[in-house]
Amino acid sequence: MLTMLCLLLAGLAMLTLPALLGWVGVLRLGCVGAMAAMAALAVLALLWPVTEVLALPFGPPWAAALLALDPLSAWFLLLLGLAGCFASLLVGPAPRHELVAYPLFLLGMAVCITAADGFTLLLGFEAMSLASWAMLHERRAARLYLIFAVFGGACLMGALGLLSAGAGSLGFAALRAAPPEGALALAVLAMVLLGAGAKAGLAPLHLWLPLAHPAAPAHVSALMSAVMVKVALYVLLRLVFDLCGGAQPSWWGVPLLLAGAGSAMLGALRANLETDTKAILACSTIENVGLIAVGLGLALMFRGADMAVPAALAMSGALLHVMNHGLFKCLLFLGVGVVLEQAASRRVDGLGGLLGRMPVLGWAMLVGALSAAAIPPLSGFASEWLLLQALLGVWRTGDALFQFAALVALALVAMAVALGAAAMLRFWGLVFLGRPRSPRVAGATDVQGAGRPAVLLPAALCLLLGIFPGLALGLMQPVLAQWLGPAVPGPGGVFGLSAGDAGARYLVLPAALLLGLLALALWRAGMFSAGGSAARAPAWDCGYIAPPPHMPFGFPDTQPSGAGFAQPIARMLGAPLLAGTDVVTVPPPGSPVPARRRAGTTDPTWAALAALRQARHGLSGFLDRLRTLSIRHSLGLMFATLVLLLAVLAVLERP
Amino acid sequence: MIAGIFSLLAQLLHAGLVLALAPVLIGFVRFIKARLMGRRGPPLLQPWRDILKLLRKRPVLAEGATAITQATPYIACAATFLAACLVPGFAQGMVLAPMADLLLLAGLLALARLALALAGMDAGTAFGGMGAAREMSLSTFAEPVLLLCILVLAMVAGTTNLDTMVATLRDGGVGLRVSLALAAVALLAVALVENARMPADNPATHLELTMVHEAMILEASGRHLALWEMQAALKLLVWMALLSAVFFPWGVAPAAAGPGAWALGLGLWSGKLFGLAFALAVFESAIAKLRIFRVPEFLGVALLLAALAVALLFVSTGLA
Amino acid sequence: MGTLAYDIAHVLGGAMLLCSFLLLSQRRLGALIWLLAAQGVLLAMAAGWQGYTQGATHLYVSAAIALLAKGIGIPWALHVAIRRIGDAEADAGLRAMPALLLGGAMVALAILVALPVSTGSRVLTREDLAIALSILLLGLLMMCTRRHALAQAAGLLSMENALMLAAVGAAGMPLVVEISAAGLVLVVAALAGLFGMRMREHVATLDTGVLDTHRGDPR
Amino acid sequence: MWAVLIPALGAAMLPLLPRYAAALNIAISAATMAAVLALATQPFPTEGWLRADALNLPLVLVAGIVGLATAVFSAHGRLAHSRQYHAAFQGFCAANMLALLSDNLGLMWVAIEAATLASVVMVASPRTTAALEAAWKFFILCGVGIALALFGTIVLQMAVPAAGLSFAALRAGAASADAGLLNLAFILLLVGYGTKSGLVPLHNWLPDAHAEGPVPITAVLSGLLLTTAMHGVLRAKAVVGANPGTVPPGTFLLVLGVATLLLAAFTLWRRRDARRFFAWSSIKHMGLAAIAFGLGGPAGNLAGLIHLLGHALVKSAVFIGLGAAITLKGSQRIADIGGLVASHPALGWGLGLAVLGAAGLPPFMLFASEFLLVTSAGRQNPWLLAPLLLGLLVGAAALVRVAQRLCLGPATPDAPGAAPPGLLVLLPLWGLLLVALLGTLAMPATIAEMLRAAAEVPL
């Protein structure tokens, strides 16, 4: 099976040749095939876990590169395979370097996921960052992105070094054998949180994300948002959960929990305020990463407290959300790409009324948006149910610290979930409902060709995983067994999920069936009741006059705009949390000028970044004075150095 | 066996009752409010009459309205009705009891809310969008309170399954009424906001700038409007039933106990519902509506109460 | 014999050290060059004496090289250069007193480092090492304090003398060192002269401080 | 040893044949390369004062490669016909090879000296005052440094009189030698050769020397001369470290290295001149290598060696690409060079990748070495991680910024009549990048074996 994996990786590497020659068709076909094969391979590896480690014939000068495909890797590889398969369907003509970078991006992620030693892990990690950097279009975003990536990589290097203090080598087996203890382990945790957090977009290291994701072509930002941040979370899982061993204290989960809740809140709030569709989706990625981090933190807490069942609950919730978010976010980004190509706009204020023009895309994206909004019976709700159940169970640990942390986290997560729902409604509603805001939108046609499977398949998977979460949890069982021992029961079942303790269950299948039946029954009833089919008329809209004929879609200003729709939340939450400004200028009575509203928010973390930049600037300016020394002074410097060293020597040699 | 049949029968009866009772409850509230204002007030069945009348009218769709407008009423109504079926009424332990998870309940209500908001945005009118935006922002503040109240109940009863919870609370052995009382107040506030009642919204007005719920169904008509009215009524019932079941669980009959026990439970349940409706009417006519941007403060107080309740429970569990 | 050899070597080394003290405090270029010549001659004598005591014939060769290059050749070349340039002006370096004080400190440091160092090795080597090190440090100090190109070259030269002194003091040192050192010295002188000429063309003085204004990438 | 003789003869021969100087130059470098390869195949031959061992063979190989690439690049642009340039170039290569291969420390010193003088001549050749200032500073500082290094060599000889300055014999005899003399020798050698390898605070000659004079020189200065000087420090450390009684030499290296890394990383942010910018990044990399060797131990030394090799390859690639860009744009200010990708994709991406490689991003050798360095630092001395990561991050950020300035964005206008980058540029540029890539993942087993053996030397 590992040899299969190697062949796939080699194939991906080979795909740079057709990319170099500009054969888009071959590239697309190859990427789709390779990714599909990878997903199949991952499923196989989950059904029949692979334990052996494969040493590649090449590697760094000091050791061979190792590959492995244990259940944890396989789970993330499955996500990569699926999302990569869907995204690759939309690979289109592009500048040469972007074509070349794309397969390398996929390759980097795959290598990082399946690596079995520190060097290979980091090699894949950095290659992933570099390749995706090459595909960004805006220089500022690209710079910030790459610098954050370098920061993450450096922190992870340090973490690996500290981790390997006990073991000689960097192979995962050796590291597992000698887990760190005490302050060293703490340093490892901090380093990994910084490194992986910077890549996953955990607050306060999330600044690059809403800039970088919109700057890439649709299929790339789909992969960045759906898989790349998850790869960072995989690294976190691998280093903290796996390699640090099971003996770590229980409070390790707390920072992860709070950071996760915070970024969930922040991301969801920003998602409600952005007006660029891709930025909205990127911010919702921050939110979902935060939710996953909450789950992981809870899992650490429970394991530390020797509560295997809730630990399994939290862990499976997090992992399931990894998969769900990957799928629906991939779907949404791809859909936005299609919309951009059809309607030539990314801003919600430039779109509208697309459901009538692109029904297939619209309904598929509705499925994605609803499962992103955690609405039963779609996939998002299942994983968030597990996470909330885990949060509701923290009080059983009986430790005041955890209890109050969980209290705060619960309030934040609840608010984040509601905000996320609001953001998704705003996103989908403004884009697909209402009236077109530009002629180009009015002329849009529905998604064709390769785009259809690219959006329909993930939508179908969202439905499937929503109604049968047991499937995913069954596949996930080996991961839990690998981490908590084979005895632990997973929360999955045929009819739905069960939270272990007394009878808290989410019977999604019957609920979905009943829901469908009831809706159907009501519909039939409505049909039978007299009155007949519906008639059409101009919208009443509290008596607005019908638009003049030269404006077939009415005045755009009579529709809620992105900023207008965001106004209540901006005033209720944005003003206190994001230093929001909201200035309304009302013209004097009788003047024909419309009232104008100028609103804006700034992420407080920008201030911190600016302070750092200021400090760097000042320090470099100070040190740069050394450069202007004359020859004699440089000689003097040399002389002083020599004298100093000799003096040190003289002191050291005093008997 | 016999228990299974009884639980099925109880469930069917409950469903029927819910469906029949919801508009009546609305009518009751309006009647009391009218009385308190010194008017004679409409008969209790007036809402039913309106709904039936609307059902017979054909809907008129706005130009550019999509299938969303046509589909959402059914989905929202079905979701709310399912939620109503899950909340124990005169009896607990009905067929759907295992499904009655509080989080699922919240999810179903969220589904209904989202459907409503989508319907409001479909025609692309100013007021629909405004109503949707306000509804979602208010829910943003209601959700944390709800979750914290659920945490309180889960800690008291040891589960989030509503049915088991009701049984536990009814059979007593639960101390700490203080935190339960605090949670009750908080949950009441949530219920008011969720049902678009005073002080968050005025159900009687059509003055555009003050309304939330009505703004979203401005374009609805005919049977769609009927379904929306029905959904609103069902939602009110769900919340009242929830409050009464959780905080006044006395006399909720075990479904297997048979018709005798049901009758008693039925009496008590309707008493609780109408009592709550009366209290609501009095409350609404006693106070004025808040500015929309003041509602977060209102819910913030509720959040504080809920957090206090949770903290008290932490302390007690820590002591115990 | 041992004590005599020790004393003579010591006297020669001390004389060289004295020379470089004078170099340090000397301000006029002409005198500077004379002092260099003297130091070169002393070096040659020291090398010859070492050759005699160690019975190593190749040291005579190096003594000859030193005499010809450092005692005669280079001073003469520098004289010519100065006459060509024609500015023997006093060179604004450190003042005499602080320069001498610093020099004293350097000698102290050298002894401090050298004395505990080579306990166990031959006394002769140790003394030579101390003296050579201090001459080296003095030459470096001179290069730091003087701004005139030729003065700096002179400092470099006295450093080379220190090297040679140490080299001839080290027993069994292959010839390679002397040759290379001599080659280095020649090149040093040649380049110094070259730079002198070159600077006449561009900047009308031998004051290297002027060069600092001609650096690329200003702030 | 033909590896030394061929370029030496070439240096002597080139002035006689001015017409074909460029082609001849390339041919000589190719021949040298062949000789080096032939050398690498035999098991560690020894000839008189020359000896090839595990430490210097990889360096010699890389020196051959860089020399060949730079020779090819030298045929591009104005320089192609100046014969004294080519002669000096070959002389420099010969001296460099000699310095790397010599077993006798005295001989090594002579060779480094010769290399310095050759490069001083090349730096001064434009005869502008800026070039003059740079060359004079270069000459004075390095001359003094060289003198100190010679003194250190002599002290070594005093410490182990029997060895006759043969490295092998010195290592053998050092254990029984007097610790004090060894300490003194190491200090002197460190300051001496450290000056040539640009360690702070002995670095002040480096940026200006790299920024003046013909462009290809910068490639060999930064790629070969610094490496050779650091190799000298290594030899000294190997000898001194062989005696347990000495003050551990690693500490001195470590301190200087950290100072170098931090100063360079921060100074990078204030550069407006492209060549000075990358000269400072060379200083930074020397600091990293010094830290690695200061850490010592098999992992640290291996990291340092790989870093030296990777730096030689990647940085000369950078300077070749940059040189082409400078001749293209007619200016070496960063602001005047921009949007290379838009105008000349092959050159732009090559230069961009090289710069990012210099920033320590995969898949080039510097990534491997920095990874090994950071991990072994975390393993042996966790407190070191703080300055190390800070320096790496600040420096890498500056490099990323400049890489984007140079390569992305709208293209700046080319200088009129500038030679477009042809194969003479792209071939060496991408070739060096390819070698650096192979060195990361698929280094030939024999070389990797040598590196590991060299790293095992108990320092």
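Which chain is which? They are A, B, C and D, in the order written, and residues in each are numbered from 1.
Definition applied: contacts are C-beta pairs under 8 Å (C-beta built on N, C-alpha and C of every residue); 3 or more make two chains touch, one makes a residue touch a chain.
What you see is a predicted model, and the numbers here were worked out from it, not measured in a lab.
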Return the chain whose centre of C-alpha atoms lies at maximal distance from the corresponding centre of subunit A.
-> C
Pair sharing more residue contacts (C-beta pairs) when C-D is set against A-C | C-D
Where the centres are mean C-alpha positions, what is the separation of subunit B from subunit C, in Å?
-> 100
Intercentroid distance (Cα basis), subunit D paired with subunit C, Å | 31
Quick one: subunit A and subunit C, Cα centre-to-centre, how many Å?
-> 69
Where subunit A and subunit B are represented by their mean Cα positions, the distance between them in whole Å | 35
Flagged in subunit C as touching 2+ other chains are 113, 116-117, 140, 143, 208, 211-212, 215, 219
Two or more partner chains touched - positions in subunit A | 624, 627, 631, 635, 638, 642, 646, 649, 653
Going by residue number, subunit B touches two or more other chains at none
What are the touching chain pairs in this one?
-> A-B, A-C, A-D, C-D
Complex contact set, residues of subunit C against subunit D | 113-114, 116-121, 125, 129, 132-133, 136, 140, 143, 152, 156, 159-160, 162-163, 166-167, 169-174, 176-177, 180-181, 183-184, 187-188, 191, 195, 198-199, 202-203, 208, 211-212, 214-217, 219
Within the complex, which stretch of subunit D touches subunit C?
-> 104, 106-107, 109-110, 113, 117, 120, 127, 129-130, 132-134, 136-137, 139-140, 143-144, 146-148, 150-151, 153-155, 157-159, 161-162, 164-165, 178, 180-181, 183-184, 207-208, 211-212, 270-273, 276
Residue numbers on subunit B that touch subunit A, as the complex places them | 55-68, 70, 74-75, 77-79, 81-82, 96, 98-99, 101, 103-104, 107-108, 110-111, 114, 117-118, 121-127, 129-130, 132-134, 136-137, 139-144, 146-148, 150-151, 154-155, 158-161, 164, 208, 218-219, 222-223, 227, 292-293, 296, 303, 307, 310-311, 313-314, 317-318
Touching residues (chain side subunit A, partner subunit C) in the complex | 624, 627-628, 630-632, 635-636, 638-639, 642-643, 646-647, 649-650, 653-655
Of all residues in subunit D, those that touch subunit A in their complex | 136-137, 140-141, 144-145, 148, 180, 183-184, 187-188, 190-191, 195, 201-202, 204-205, 207, 247, 252, 263, 266-270, 299, 302, 306, 341, 345, 349, 356, 359-363, 367-368, 370-372, 374-379, 382, 385, 389, 392-394, 396-397, 400-401, 404, 408-409, 439-443, 447-448, 451-452
